[in-house]
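A, B, C, D, E and F label the chains in the order they appear, each numbered from 1.
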Amino acid sequence: MGKLTIGSFSSLVGSVSLDFAVKLAQAAVQKGHSVDLWVSGNGTMLSKKGQRAFKDYSYLAKTCQELFATGKFQMTACEACAEARGYHKEDTMEGCKRFSMDWYLASCFSADRVLHIGGD
Amino acid sequence: MGKLTIGSFSSLVGSVSLDFAVKLAQAAVQKGHSVDLWVSGNGTMLSKKGQRAFKDYSYLAKTCQELFATGKFQMTACEACAEARGYHKEDTMEGCKRFSMDWYLASCFSADRVLHIGGD
Amino acid sequence: MKLGVFLSDFKSGNDTLDRLTAEKLGIILVGNGIYNATVKENGKASPVLDKKATFYALTEDLESRGFTAANLDSRVKAVTYGDVVDLIFNEYEKLIWL
Amino acid sequence: MKLGVFLSDFKSGNDTLDRLTAEKLGIILVGNGIYNATVKENGKASPVLDKKATFYALTEDLESRGFTAANLDSRVKAVTYGDVVDLIFNEYEKLIWL
Amino acid sequence: MAIKKLGFVVRTMPYKIEGSRLAMTHAIASQTVEIYLEDGDNVEPTVCFIGDGVLNCLKSQQAMKHYGLTSLEQHIKNSLLLDMNVMYCKEDLDKFGITENQLIMDAEDIGGETNAKIVPYSEIQKVMESVDHLLFC
Amino acid sequence: MAIKKLGFVVRTMPYKIEGSRLAMTHAIASQTVEIYLEDGDNVEPTVCFIGDGVLNCLKSQQAMKHYGLTSLEQHIKNSLLLDMNVMYCKEDLDKFGITENQLIMDAEDIGGETNAKIVPYSEIQKVMESVDHLLFC
């Protein structure tokens, strides 16, 4: 079993790239791997607590909660990116961490595979 | 003097399109025009209160506040888009309104010019 | 119609632009659109500039990207945000953002 | 190197892809990348498929966009998210997202 | 009393960015705009799909099944149910080899009576000339 | 004791999306990654600019003046100040007709001693082969 680190800079809704990251994480965890998900840039929106489920928008919070419960999944949001967008520590989804960008590099250090989703 | 309605679907930071919308609004107000700015989709991030100013991210909140003070500028965020992203009414920047998408169409109705920034 | 087109990208959006026709057409290069007026690929200027239109480029976006009005293709005129406001209200009736 | 490339777009990203070389190359079409395997422009399949590589397309993204595995170009194999996990860990060492 | 015509022109592919989705939801919002307007005033939206945007118009989109997301197909059907004017550019469909039977042409399954129209680009150009404001997405 | 090499490859234009900016800030964050690692372990980033990405590397970017935004120029200089390995693809510069005097080649004005390198694509291919992980932006 390996460790996959996924880094995403994409926006929460609208860009299905972030849906891809979460669904891939889910599939990897189901197969027994462990996954670190780093959300940076507009991707930090995924870490915002209190997102309402609408059928017209991606709603990934529930899947993230299920993944946290497995103990095989970590999600960390870029602290500066979140603050710039007006999300403070108390706005962070339960189970999600906040660190500076070096956390992502450390996660890459120990990862067997890194999938970096750089685009918007 | 005319009325310009600008609609933006773009993300807060990263996409300079939203910076463009705010700077254009500023220039129009300085020339005596009135401006309605509709932020929808990821653009609703502009309406979030408590954004911190970093040199590495667009910081448009201050300009928006100055524009509100002129009485010639309205900014309205899409209510559903904001809720989906976990911004609730109390998270909205002072001076900014929240309505459903029909508000934008009504603003277009009475506008002399409409600039709709549709891309990401 | 009198149509003002904001071109905010380089390389993309050209297929839409190609087909647009208007009695009076203005193309305002903003954001990464300014590369259409400042950079040549393999020695060739952007095909966008072959369109029958009046061309403008936003000075603020030129300078943010390391260019000045002196780098502009001769068919393109540098404008400020204030000038763009006047173009919007005085020269064009409908606006498109690409 | 053994390189797995996720192509998430249609028409863009091809210039980068063109130049990539690897002893073992896999191209996994995801998101709007699936149009490379399902749509022909002017009767011609996407030039992406001419690349010397093994091609996959994500079933979930195919179906979300109105296609099924039956619509795939014969060079492309439909895969699920679970299959993609196996490709990542068993077939390729480095990954790129375009 | 005035009617203002709004031309939504969708040129982007579905799902990757929100452009086409927001075009549809904003166009559909015209149903309730009267609360902001004087009696007799209204807006009239037309939605045209051109270029890569025609890829939004394919049938059998299963975005709800896979991503829990309303498909663009559902949005187009909803707009037809509301008798909105929906046009697909023929030249662009031809370019992609997309035929009418692959396209969302009606909303009969949800009780709609209006059909989408496949029109040459010249018709879309006429729409662009006739509307008061253009909203490219 | 191990060093893991990370290859950041920037292929997108500056400003419109955050890709190139986040590539630089993440690469620069390697300076502080040791707090998370065992003694002697570290990461070593290389940043390569290819395709449209070379447009990030032009001198005299005035994004701070006009938009209050740190320019990509400043980010590249900061990375040179930290002796990071920064490479520009020669073929792509040639394609755009960009010459060395238009490019950010050093960070002397802020005390840097390392220069950016203009290299053929084949050198960048070698970087891609030698690193442990690739991060395309």
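Criterion: contacts are C-beta pairs under 8 Å (C-beta built on N, C-alpha and C of every residue); 3 or more make two chains touch, one makes a residue touch a chain.
If you're wondering where the values come from, they're calculated on a predicted model, not measured in any experiment.
Chains that touch both subunit B and subunit C: E, F.
Each step here moves to a touching chain, and the least such steps from subunit D to subunit E number 1. Separating the CA-averaged centres of subunit B and subunit E is a span of 25 Å.
Averaged C-alpha coordinates put the centre of subunit C at 29 Å from the centre of subunit F. Among the residues of subunit A, those in touch with two or more other chains are 13-17, 41-42, 56-57, 59, 113-114, 116, 118-120. Chain contacts: subunit D has residues 8-9, 31, 60-61, 95, 97-98 touching two or more partner chains.
The set of subunit E residues that touch two or more partner chains comprises 15-18, 25, 67, 69, 133-134, 136. Across the complex, subunit E is touched by residues 13-17, 19, 55-59, 120 of subunit A. On the side of subunit D, the complex with subunit F involves touching residues 1, 15-16, 19, 21, 94-98. For subunit A in complex with subunit D, the touching residues are 2, 4, 16-17, 20, 23-24, 26-28, 30-31, 33, 112-119. Across the interface of their complex, subunit C is touched by residues 9, 11, 50-51, 121, 125, 128-129, 131, 133-134, 136 of subunit E. Looking at the complex, you find that subunit E touches subunit B at residues 2, 4, 6, 12, 17-19, 22-23, 25-26, 29-33, 35-37, 41, 43, 45, 132-137.
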